[in-house]
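My questions all concern the structure below.
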Amino acid sequence: MTIRVTVWGENVHEQKNKVVAGIYPDGMHNTIAAALNKAGGISASSVVLQDPEHGMSTERLAETDVLVWWGHAAHGAVDDKIVERVCDAVWGGMGMIFLHSAHFSKPFKRLMGAPCNLTWREAGERERLWVTSRHHPITRGLPDHFELENEEMYGEPFGVPEPLETVFVSWFQGGEVFRSGLTYRRGAGNIFYFRPGHETYPTYHDANVQKVIANAVNWAYNPLPRIADPNKAPNVPVGSTLEPVVERGPRLHHDGEEGLR
Amino acid sequence: MTIRVTVWGENVHEQKNKVVAGIYPDGMHNTIAAALNKAGGISASSVVLQDPEHGMSTERLAETDVLVWWGHAAHGAVDDKIVERVCDAVWGGMGMIFLHSAHFSKPFKRLMGAPCNLTWREAGERERLWVTSRHHPITRGLPDHFELENEEMYGEPFGVPEPLETVFVSWFQGGEVFRSGLTYRRGAGNIFYFRPGHETYPTYHDANVQKVIANAVNWAYNPLPRIADPNKAPNVPVGSTLEPVVERGPRLHHDGEEGLR
Amino acid sequence: MTIRVTVWGENVHEQKNKVVAGIYPDGMHNTIAAALNKAGGISASSVVLQDPEHGMSTERLAETDVLVWWGHAAHGAVDDKIVERVCDAVWGGMGMIFLHSAHFSKPFKRLMGAPCNLTWREAGERERLWVTSRHHPITRGLPDHFELENEEMYGEPFGVPEPLETVFVSWFQGGEVFRSGLTYRRGAGNIFYFRPGHETYPTYHDANVQKVIANAVNWAYNPLPRIADPNKAPNVPVGSTLEPVVERGPRLHHDGEEGLR
Amino acid sequence: MTIRVTVWGENVHEQKNKVVAGIYPDGMHNTIAAALNKAGGISASSVVLQDPEHGMSTERLAETDVLVWWGHAAHGAVDDKIVERVCDAVWGGMGMIFLHSAHFSKPFKRLMGAPCNLTWREAGERERLWVTSRHHPITRGLPDHFELENEEMYGEPFGVPEPLETVFVSWFQGGEVFRSGLTYRRGAGNIFYFRPGHETYPTYHDANVQKVIANAVNWAYNPLPRIADPNKAPNVPVGSTLEPVVERGPRLHHDGEEGLR
């Protein structure tokens, strides 16, 4: 069994900013996909914002087991219809991993139902990630902490709902902390947020970061068949109840009709 | 201290359907508000979909400690801008209670980040609600179970995220079950979903149902001052870090500038 | 990879009660183990209360990936030292599944930190289990509900902590409900409680029940190496801090000494 | 309404160690109780390990709305019967706050069902606590972070179950982080763990720390009457079911008899 991963890249700063282009000459998305392809058991490729339908066609989503999302400068350029389509795929069982500045991406905010805000500072300072859930599958092969010598700081309070599990918490040189690895479930879809990855630093070339993302792909993968319509709210006709029910009282609806939305 | 409650009513079936008008001659929203006003410590009034801005002006929201929402036939008629405004108020600390068919209302779906779907049947069957969290504040003064002789059935799976707490689970005569009382937190706002309340039955005249809603208002109330901008993501300039940081590496941003969204 | 399962059976009513002996001539534990061995990818065997160390030797636990526990009449006969040993294995990463009346077993109460009580009735009534977490791995291959024609009733409130996930909720003919499939994590160990399995009914011969237990084994399995001492609280000497720290103020302890317990 | 608080102090290092005696001449427990008495709406007094029944008589617990617990050197000296009695009170609705080294106290480990271990260093380094749950009642009146100039370090991974809510996360000068404010519910009892408070530093004289503890007392207080027997598992006789049930199949038990434990 091979897990099919699509890495979604915004692909803006790689084109406009010489520093970013220097670190990620193939684009961040391709760097991440290449690392996943080396992890074993994963087949990853990438799409970008500039592709038709932002690369998120119905067909592509149907063939994606886990979607990895990185965006920063152009969150607003993502079409709302595509956002709903991505969320439908998650609710139907597609795994999804949000990286770094994707905390403010439309799909993340849509799936969290919360502001997803934080404080931040771009000073190339040291970040140290601590494992807070021992032997969680996402920590496989990692030490109890690891460092990124240069990173952007993200600080608490992080405006997200209480997670299912807190997997990593970050220490920053400047004095802040951040819950940097969080799991969620929405519908049948497993979601992981992972903090590191500012585009002016070589974070996605880091072996530990690559390991976390590969582990998260394996964790997020739901092998059950995608739910065709994850929003369906079927009527159960009175004539086919599991236990005998005699209809009583006034009604608004007819048997088997669509509910109100 | 008095908790200021606004009950939001869709006010459609009360106008169009004789059965509903007969049970709730003053509208469901006014029945609910009147019950809350008798509970003590609560000052409740109502607004309706048909009011300017659906009754959800910035001023009104600023004066609402807890918002109660009932809608069914006209979810789609609620303006998206108003939905965002309501969510902002929740994230800033306003409590919110969603009743029955409001599981498919725009603000609930927005705050949950999930499909919020279920199965349903309108047969006037018996529902029995069981307390699953003993001595939770929302169960104050209630027995360990109570019945509604005529209700619409809602069945699992209920497409919502795992709650903070499951407070009630319902048994239905026709053979289904439903997690009928669930708590959530989004930003600084406490959220409670409560299942009963189909408009063709006298559910909001029931003493136990009224008690649950009044308890939930007290539970959801956040006495801390509303957060002015719950979406703010402030930059922390390098010059004012809590611990000494020497800036290193390349940057995208200037000190104190707005982050990308 | 094969998951090594030990099924722990109390083995009391099978010996004393003709009805139970008739339904489970090989003992409930062996019926459960045999079903797991047919599921694929699992190698299961059983031990019983009456074995030396209740079958829970240090060696046996070290070779057990997932432990399944059924007990009812003789919870008190389980040695407290063995209970601590089992809990240590769970904290170190062993998965554990508690069945039915094991809600009152010593290891379950120890791991939950809660009363684990409920209401009950032995009337051979119908139970219907509803999936509440769509496409959860423990529901793999199951319909959205299934029935057991004769079961003991367990009713809410169930005195357990809020679970990570609620996977099943049961409907009972007599009017009660019960959260009958709950997940937890303690240390590195995944825990699943599954309600059905009164010994006077043929529940563990049921194909859906067998499927749930096999799915739960796969879900609970933690492939990472067992943590040798899951209770260790190591001192980090001042001389080996990750960031420079100058020791200040008075101390109780010397570098590297054992902490107080 | 006044909340009745008992502060439980181990009272060992105050008697044996000159530094501790110098900082807390009245004992840590009395310093904490005095601060709570100044907070308004709270009536606090203290008991110590050396009191008869460790000060935890049935009567005392019945008159305690919220129990605050500090222990370090003598966890093992606390009688197991008293631990069970304290846990029964929590399950029945008593609030409980565990401070600092009480992470290894018997009642905390009993209520968590987990190892509760961590890493530690006694170097008088700086700790900075960050609020991670905005406008949570326990953060009332606090800034988004505050500092303790001298504290013992506690580091992740902290071996506790996933909390209901993470309220504070700590940054340490030496490079570690710690989830330093966590909420739980066990039975009807609200539980809060709060990290700071090493006995060789003046932590409990700090205004912010005092505010957190007073807020936590208000949060943990459950105004509903204490549950008399939180471990009761009543039989529901067949003759008194809510819905008609015809008894079927073989039985182990007689109507109304005590269940097996």
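Letters A, B, C and D mark the chains in the order given here, with residues in each chain numbered from 1 onward.
The rule is simple: a contact is a pair of C-beta atoms (placed from the backbone, for glycine too) under 8 Å apart; a residue touches a chain by one contact, two chains touch by 3 or more.
Since this is a predicted model, take the numbers as computed values, not measurements.
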item: Chain of greatest Cα-centre distance to chain C; value: B
item: Of A-D and B-D, pair with higher C-beta contact tally; value: A-D
item: Turn needed to bring chain A onto chain B - CA fit, degrees, nearest 5; value: 180
item: Geometric centre distance via CA averages, chain B-chain A, whole Å; value: 27
item: Interchain centroid distance [CA atoms averaged], chain B/chain D, Å; value: 31
item: Separation of chain A from chain D, taking each centre as the mean of its C-alpha atoms, in whole Å; value: 36
item: Sites on chain A at which at least two other chains make contact; value: 128, 133-134, 155, 159, 162, 164-165, 173, 175-176, 185, 187, 242-243
item: Chain B-touching residues of chain C, taken from the complex the two chains share; value: 128, 130-134, 144, 155-159, 162, 164-166, 169-172, 175-177, 179
item: Residues of chain D touching chain C in the complex; value: 13, 17, 19, 72-73, 75-76, 87, 91, 101, 104, 110-115, 117-125, 150, 153, 155, 159, 161-162, 164, 173-176, 184-187, 199-201, 230-238, 241-243, 245-253, 259-261
item: Residue numbers on chain B that touch chain D, as the complex places them; value: 93, 128, 133-137, 140, 145, 164-165, 173, 185, 187-188, 222-224, 227, 242-243
